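First chain A sits with chain B, and in the next complex the same chain sits with chain C.
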Partner chain A sequence: MTISIPTTVIIMVLGLIGIGIYALLTTRHLIKVVVALQLLVKGAMLALVLAGRLTGQEDLGQSLAITVIIADTIVAVIGMALAVQVRRVIGTLDLRSLTSLRR
Partner chain B sequence: MLHVLIAAATLVCAIQAVRAARLLVSALWLAGASALVALEMYLLGAPEIAVIELSVGAGLVTVLFVFAINLTGEENLDARRMIPRPLAWVLLFGASALLLIFVLPGINQPATGQVYGTFREIFWEDRQLDTLLQILMILAGVLGVLGLLSDQKTDLTPSQKEHRA
Partner chain C sequence: MAEQLILLTVGLPWLGALLCWAAGDRHPRLQHTLAVSFSVAAGITALLLIPFGNERLLVTLPIGGAFGDFTFSPDGLGVFLAAIATVIGSLAVIFSVDYMRGEAQLGRYYAFVLFFIGAMVGLVLTTNLLLMFVFWEITALTSYALISFHNDDPKAVAGGIKALIITQFGGLGLLIGALVLFAHTGGYDILAVIANPGLLPAGALAWMAFGCLAAAAAKSAQFPFQTWLPDAMEAPTPISALIHAATMVNAGVYLLARFFPAFEGVAGWREAVMAVGMLSALLAAVMAIVATDLKRVLAYSTVSQLGYMVYAVGAGSVFAAQFHLLSHSVFKALLFLGAGAVIHSVGTRDMREMGGLGKKIPFVRLVFVIGALALTGLPVLNGFWSKELILEAGLEPGNPLWMLIVMLVVSGLTAFYTFRMVWLVFYGQPRAELHAHEAGTAMKVALAPLAIGTMTTWLLAGSFSRLLSESLPAQQIAAHSTGEILREVLTASVTWIALAAIGLGLAAWWQRDRLAGIGRAFSGLGKAASNSFGFEDVNRAVVMITQNSAEKLRETQTGMLSVNVAYLLAALIVVMTILALGVGLP
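For the complex of A and B:
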């Protein structure tokens, strides 16, 4: 049995998005949250490229994927900067410690 | 066959990136996943995106991760999770089911509509506003890097001092 290329890529996309969502839901570490977001976005990017290929609009898919790459990188940069400053000010990267409402 | 191998390797890298206890190892697994995704994009006929993803996703972001981990240090948190594991699985399956419901019907439909032109035309002419916004986002990223590099000692408020102690 051979699996077609689109099916394989869709499984890959679903896997990446699933792993990303699960990690986002469960992790408490600020840097791990950024790792999870990166995985999620990689899945979305691959889905855009695949959609472009399937509909014959490859250039449109690619130009959207470029936007996603840029946004994703900026999110990683801002997330890292946030993590470094949070660590400096609060002294931990635990997300539970960041809330000041629950005492 | 190659595609299946790449998909399997990517998913293994992704799972390891999430599971790894050490942050540095996690960042390296993420770089591996990124490189494999770039390879898959190349095979799907998107070489430009593959090159950008490889250099930015696997290169720049990994360097940033290592830099940030170096600044913050490894911190081992206890195993308690943000939400209980069964609830996370339920939410995950819900999200996947919704995704499949919306995506699957469209997959086997024939391609319709006109082709919108070449990559350059789409990027620089049709989506000018997006390109401008991307430049603004890059500016925000530069400011973020400045935040990453700033070594300013912050004055702690009394409650923060108490929290730290």
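For the complex of A and C:
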């Protein structure tokens, strides 16, 4: 049995998104949340490339993916910076103690 | 040219709002100057827009996508209401210079007033129903913010929240109308459905018609939503004059008049509109007779007069409704600003403590009496001509006669409560030691044009009817000259019956001591009236239920990331399921 390339990519996409959502649902640590978001968005990016390939608009899909990479890097950087500040000001990275945004 | 003028009329007040806020509360003089200059500039651009009223232009701002293009049409109905909003708006702002002197946080005050004026202009000029809904909600929000301007006063805060919640119910009706229109035509174009109501199936059109009636009733404080307006009187008085007498409460009447050609064929709609107007006019007039707070009397009389306009639309005369709207805006703004001058002068709103103020503040008495005579409907002030036109419309074949008789009785009640109010405030013996001082210069500058307008706007009847008939073909308004309209009013039998009713009302006030026995017999009615005939409780229950359920819903906002992600996931699954199953219109 041969597995085609699109099938492999779809499995990858679903896997990444699944892991990302699972992590977002379960984790309580701010840095892990940033990592989970990265996984989730990478899955979506892969889906964009695949969609471009399947509809014959490969260049569109890839350029969208590059845009997502850039935006996502910014998200990661700001998320980490936020985490550092939260740790300094509030003293913890546990999301349960951050619900009210109060010190 | 028209395009720039429209953008300026909406944009100038909004720009002024930003600048007033940015000027900072440490520079009150600058804030006064900015607010006055921007509102006056907007008034001038709105007046310049009037000549475009009969050219039937359509100005389009292409947006595309699901919202449709943002279209504005400066037709007769639109430019006339835009002019009222900006001109009376600028007079209210000028009045505020004296009235609000020394108040803290003027930036917040002027920013919201100017934001409101711009939104009101947008609301009446746009022909995109979704955009109209957005402007509609902005006016509701600014009205809430200004009623609760003195946010350290619990009554003001409660009044604002009540007004917001009740008008939101009406907003839902308008949103339903907009969504029904979109579902069936794929756009939000008002003009299309007015030109051809057959675009929508009868059932959908009925949903839209009654949704709009609910929206109009809530916005114009009509039955059964009438109790928010008296509570809104906690606002600073220029706000009551501008938003709760001259402009925002007219939006409901405007909506009914705008959609009249589309909805008149809907079974039962016209009768429902007439009934809503008649009940509001009657109940509010009775409540005004027993109220003791000067501003509340004026608020009840506003509900009552708006009832006349709604009744006129239902009776089929859009022109009479809009003409009375013009008269009412001018004389009611005059009455409110006059009442503001009285309140500013003596420091109380309770009429039982006033009395004999006329000698101390003769200028205010003069303009207030002019406004009161127009409200009563005595010739030759503007209120007389427009009210008689409405009563004449009620006489048209097909309209129930008993409703007309009720409206005639209401005009007698109007005369009674108006004279009671004027007498309690300005005449008789002083009932309390009040120190009164005459109105300031800015107040006089705002009051004088309104008093002159009250005496003269009826002369515009001819050009106004021509403007409306040329720009609104679907409304089927016949163009008449001023002379023709005046002759028509003077020769109608109903005019003289109405004058007799007004005379009876005046006579009843004159002989009030002898009629005291009858008054006592009706004291139960008076008690019911001061409690708004039980509708106060219904409205209060609605507000309570809304607030309690909002409090309950707050528990769903945990602030926990994982919970929010779970909600997102659930919503995604629901949407995917609906898409997979496919959707059809009802």
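Operating definition for what follows: the second predicted complex is superposed on the first by the 100 of 103 C-alpha atoms of A that agree within 3 Å, B and C clash if a C-alpha of one lies under 4 Å from a C-alpha of the other, contacts with A are read in each partner's own complex, and residues count from 1 in each chain.
Operating definition for what follows: contacts are C-beta pairs under 8 Å (C-beta built on N, C-alpha and C of every residue); 3 or more make two chains touch, one makes a residue touch a chain.
Remember, predicted model here, so these are calculated numbers, not experimental data.
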More chain A residues in contact [chain B versus chain C]: B
Chain B versus chain C as contact partner of A:Leu39, first or second or both or neither: first
Chain B versus chain C as contact partner of A:Ile21, first or second or both or neither: both
Touching partner for A:Ile3 - first (chain B), second (chain C), both, neither: first
First (chain B), second (chain C), both or neither touched by A:Thr99: second
Footprint overlap on chain A, comparing chain B with chain C: 21, 25-28, 95-96, 100
Contact footprint of chain A on chain B as seen in their complex: 1, 3-4, 6-7, 10-11, 14-15, 17-18, 23, 26-27, 30, 33-34, 37, 40-41, 44-46, 48-49, 52-53, 56-57, 60-61, 64-65, 67-69, 71-73, 75, 77, 80-83, 85, 87-89, 91-92, 95-96, 99-100, 103, 107, 111-113, 115-119, 121-123, 127, 130, 134, 137-138, 140-141, 144-145, 147-148, 154, 156, 159-160, 163-164
Residues of chain A that touch chain B when the two form their complex: 2-3, 5-6, 8-12, 14-23, 25-29, 31-32, 34-36, 38-39, 42, 45-46, 49-50, 52-63, 65-67, 69-74, 76-78, 80-85, 87-97, 100
Footprint of chain A on chain C - complex, ascending: 558-562, 565-566, 569
In the complex with chain C, residue positions of chain A that touch it: 21, 24-28, 33, 95-96, 98-101
